[in-house]
Amino acid sequence: MTLSSTSAPAADTAAEPFTDAEVAAIRADFPILARTVRDGRPLVYLDSGATSQKPRAVLDAERDFYERHNAAVHRGAHQLAEEATDAYEAARAAVAGFVGAPADEVVFTKNATESLNLVAHAFSSATAYRALGTAEADDRFVLRPGDEVVVTEMEHHANLVPWQELCRRTGATLRWLGVTDDGHLDLADLDRVLSPRTRVLATTHVSNVLGTITPVAELAAAAHRVGALFVLDACQSVPHLPVDLPGLGVDLAAFSGHKMLGPSGVGLLWGRAEVLDAMPPFLTGGSMIETVRMEGSTYAPAPQKFEAGVPMAAQAVGLHAAVDHLTALGADGTGMARVEAHERRLVGRLLDALGELPWVRVLGPAGTAERGAVVSFVVDDVHAHDVGQVLDDDGIAVRVGHHCAWPLHRRFGVAATTRVSFGPYNTVGEVDAVVAGLHRVREVFA
Amino acid sequence: MDLYAELILEHSKRPHGAGLRDPFDAEVHHVNPTCGDEVTLRLDLDGDTVRDVSYDALGCSISRASASVLHELVVGRSVADGLAVHTAMRAMLTSRGTDPGDEDVLGDGVALAGVSRYPARVKCALLSWMAFTDALGRASVPA
Amino acid sequence: MTLSSTSAPAADTAAEPFTDAEVAAIRADFPILARTVRDGRPLVYLDSGATSQKPRAVLDAERDFYERHNAAVHRGAHQLAEEATDAYEAARAAVAGFVGAPADEVVFTKNATESLNLVAHAFSSATAYRALGTAEADDRFVLRPGDEVVVTEMEHHANLVPWQELCRRTGATLRWLGVTDDGHLDLADLDRVLSPRTRVLATTHVSNVLGTITPVAELAAAAHRVGALFVLDACQSVPHLPVDLPGLGVDLAAFSGHKMLGPSGVGLLWGRAEVLDAMPPFLTGGSMIETVRMEGSTYAPAPQKFEAGVPMAAQAVGLHAAVDHLTALGADGTGMARVEAHERRLVGRLLDALGELPWVRVLGPAGTAERGAVVSFVVDDVHAHDVGQVLDDDGIAVRVGHHCAWPLHRRFGVAATTRVSFGPYNTVGEVDAVVAGLHRVREVFA
Amino acid sequence: MDLYAELILEHSKRPHGAGLRDPFDAEVHHVNPTCGDEVTLRLDLDGDTVRDVSYDALGCSISRASASVLHELVVGRSVADGLAVHTAMRAMLTSRGTDPGDEDVLGDGVALAGVSRYPARVKCALLSWMAFTDALGRASVPA
């Protein structure tokens, strides 16, 4: 099942959560889960929203690449260079396939943050080219005086600050959709905020704090109605739900390898071929060129146009293993549907347990159907960092703070929250451990 | 859990000298970017003596306790003493568990020694101290 | 010995090339060197200028990080996050120490190309801020009409195209220093090209084609005399020579981890603290902020200001192991001096042998003292790709083409060259293998 | 080394139809960005027949041989035949060693089959063919 409608995703009837035995088998593939922390306590890792852990298959793939095929990709004619290039391009095809896209619509970046900056810079570069007449620029990326850039109050800083900076570089105006008390985007704002001045609407697919799944198709349609491009931050959806990016109707989407069992240092930008073609390059240098003269250069077609310099080949190869691993978590390629079902079950159990604690306030939608794999909350009279510290003392790793979504926290009148986020390797017992830990928090700070 | 020594919890629940008071010679606002917590701190000098430190600390138990200890340690003492205490506090907090702190200098502050083993929390304990030193600098610059 | 004068570096009397036994021991640390290519031929890897191979210690360090300490750095309070952050910052300190710099003057990027783009964008962002009044901008980075950006004809595309694009974004004019027939920068051009209009001079430290070591101190002084910043492309120097970046008198320098035994996906920017402070951020998002409001954001001090998003922590940790490995290749931290001596010996042997072949023309300086670890040449009447292919058939991996320095190739009237480049693990026997291979090239194409 | 079959070396050393000739209906210039090599190719049509392909190929032995083979295979034949040969050539070259090529269609061109096992060289062999197809497209568009 892919998320391509505005309604909350119906539970995929075919996909079951993992059984205890299956989770145990999954966990056995992650070496770090066997370690202990803080004086011998087993690690309970509930911070996959920040970064996921890596299965042995990913580490093996990366190592095998270095030990047998390492060379600069797209830059050599010798055998190692051929093998490295093949491995890198096979990784591109695999990651593209994982999100339903053709290989040449996927660009490797270092992380989702770079992907989003790349897109924001396309607007300022095109605007400058046009103003100065220094290069061709596609109208869709050229900002005129009075033009507006729209984000939401729910965004991670990675999908907010680049747009603020775009406005600083161009004089465009930043506007934003609000968030309702129950943690949804305030769609009533759509008519108020979007206008023919809007050139781009950038929103998240799943909030990294509230867990909210946003109505992507509806947002994309609204953006397209006013002639704006639609950019999706898919960081918290692609690792946790089956996602068909082209099917969502969006123009561009960013996500990170390290959140989906892949290595650090590799991110992704997906864009419709025609949109990528219309965008100016961002990082420039080797491997992205067509011809170079001192007087000026021309560029290769996308995706190469956006991949300057020797790329993170080993990390791309590791990510290839990661998407294969995720896909294989369910029979017949249903891995992601099962991951979704499993994580939704954990979210449900946690929401139920927290609902019993009058001194805990959960942020975001009440139901699991409208939620991804994160749950954030505040404990009455106890600062999130103190909550996290006590949990950490029990070996439980959660994230505390503003989770790079400071405006959203301000919107809810809190400085910081405690966030529990799941991966395929988390267990029901780990949910219960958090709840027990919260009782301990109350004892310490009563 | 030695981080939350009884004394720390005590200070964080009933902080000494909390609240913003008039008059003051300098007011500063500091933010801990990793968590978003903030402290507003006012300094009232009487020549070379710290007459009052008043503050509004929106933060975790460690940062609130540290502000309370700060108030206890520096009010009524000379500026030079205040800076010396800050130096000792910083040395203890950044020692990664190797400097237990001198109780003669740091008073209840030695209860914060456990913080030094949790690098992510060191900024919590230093937040009000940084604000204090900043305020000292500003107060001594003729306006 | 550090390269900080304009004269060719005197041979370090203390540093000896590696003995055969030492090279054998070094090679044993590199798993890939044991593999065979093309029907069982031992791999002769002479393409370290493109990317180096990785010793086991680097692969182990990366794997250990993932298996024991993996977490999002600078974003968590739990034990793994603490350990990951410590490991990442220790890597920064180690890499900084390797080039003689304080830790907080070193920024982690994905590759040198990103580092150089970051610097070029500092100029266009500051210029836009100033024009629009949207943020503070330091005068040194604000371009005015008529301002000029100066590079050289010897640059890798990574140190050329970003500056061309800067000019496209701002209307500044690109100018360049020429190259003499014997492969040196034409310093007579300095007076002709540099002027008070020059705002930045960007040159390479060692040419990745000619091998030429440029007179950095002299160039930096010339730039500073006209009030321009000086940016160094240190990609081909830091992996091959002892380099003290602050001592060179430059303002900013870029290099890549993957060329110095480190993992792919990690690059470096070094800058004098005061210069980094004056620069606007480039990639923006999480972890680089001070405060974020919908209305606008403020940023952390450097280096954090330049490191948006979850960073390539495992790769930084791998690079830490790489610089430790390089340093330990000589007693008492003289590793890099011995690497330099060793590679210079190999370069000398190759130059001598090629000098005997009337049908081979070497590009670049005649003497080894003015050269880094690369040698490029053309074989009469045989295209470089055909040369490379025949060598590859013998298991010898060299690079052929324009090596991302197309204008330089045009300057010498050739479309492509064959490049042999060395690493610490190369042997005298491998040099002889190339020479034998070239005779075979002649046979095939006679 | 099967890449450099005798026939290939032969064609690369004494390329058929090399040089630029007048008259022509379309002239194109293609670059192989990985190596910087260039080909300028002119196409002279006589109705539906390829009267001449003339070219200036600055490149490796593979690209020169391929241009020579191109000349041999398409001159004097129909445009449709020319395109069919290109299709067969491309299929063989991108087959990674699985398609040896049909000698009836590709003539001497089958000697290029070895190229398909060296992915970095496939562009060399295709360079003049891409230029040829491009020129066909341009020549058939009324100016």
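Note that the chains are named A, B, C and D in the order they appear, and that numbering of residues resets to 1 at the start of each chain.
Definition applied: contacts are C-beta pairs under 8 Å (C-beta built on N, C-alpha and C of every residue); 3 or more make two chains touch, one makes a residue touch a chain.
Quick caveat, the model's predicted, so the values are computed rather than measured.
**Student:** Identify the chain pair with more contacting C-beta pairs: A-B or B-C.
**Tutor:** Pair with more contacting C-beta pairs, A-B versus B-C: A-B.
**Student:** So which chain is the furthest away from chain C, centre to centre on CA atoms?
**Tutor:** Checked the centroid distances; the maximum from chain C is B.
**Student:** Distance-wise, how many Å sit between the C-alpha centres of chain C and chain D, to the nearest whole number?
**Tutor:** Centres of chain C and chain D (C-alpha means) sit 38 Å apart.
**Student:** Per the centroid of Cα atoms for each chain, what is the distance between chain B and chain C, given in Å?
**Tutor:** The answer is 45 Å.
**Student:** Counting only Cα atoms for the centres, state how far chain B is from chain D in Å.
**Tutor:** 78
**Student:** What are the residue numbers in chain A that touch two or more other chains?
**Tutor:** 75-77, 81, 289, 291, 385, 389, 400-401, 406 - these are the residues of chain A that touch more than one other chain.
**Student:** Quick one: which residues in chain D touch 2 or more of the other chains?
**Tutor:** 34, 36, 118, 121
**Student:** Which of the residues in chain B come into contact with chain C in the complex?
**Tutor:** 31, 33-34, 36, 118-121
**Student:** Along chain A, where are the residues that touch chain D in the complex?
**Tutor:** Going by the criterion above, the answer is residues 74-77, 81-82, 85-86, 289-291, 300.
**Student:** Can you name the residues of chain C that touch chain D in the complex?
**Tutor:** 382-386, 389-390, 393, 400-402, 406, 409, 415-416, 444-445
**Student:** Considering the complex alone, what residue numbers of chain A touch chain C?
**Tutor:** Chain A reaches chain C through residues 31-32, 35, 37-38, 43, 45, 47, 50-51, 53-54, 59, 62-63, 66-72, 75-81, 109-114, 116-117, 121, 124-125, 128-129, 132, 134-135, 153, 156-162, 164-165, 167-171, 174, 176, 256, 258, 263-267, 281-289, 291-294, 296-297, 308-315, 385, 388-389, 391-392, 396-401, 404, 406-407, 410.
**Student:** Which residues of chain D touch chain C once you look at their complex with the stated criterion?
**Tutor:** Chain D reaches chain C through residues 1, 3-4, 9, 34-38, 58-62, 118, 121, 124.
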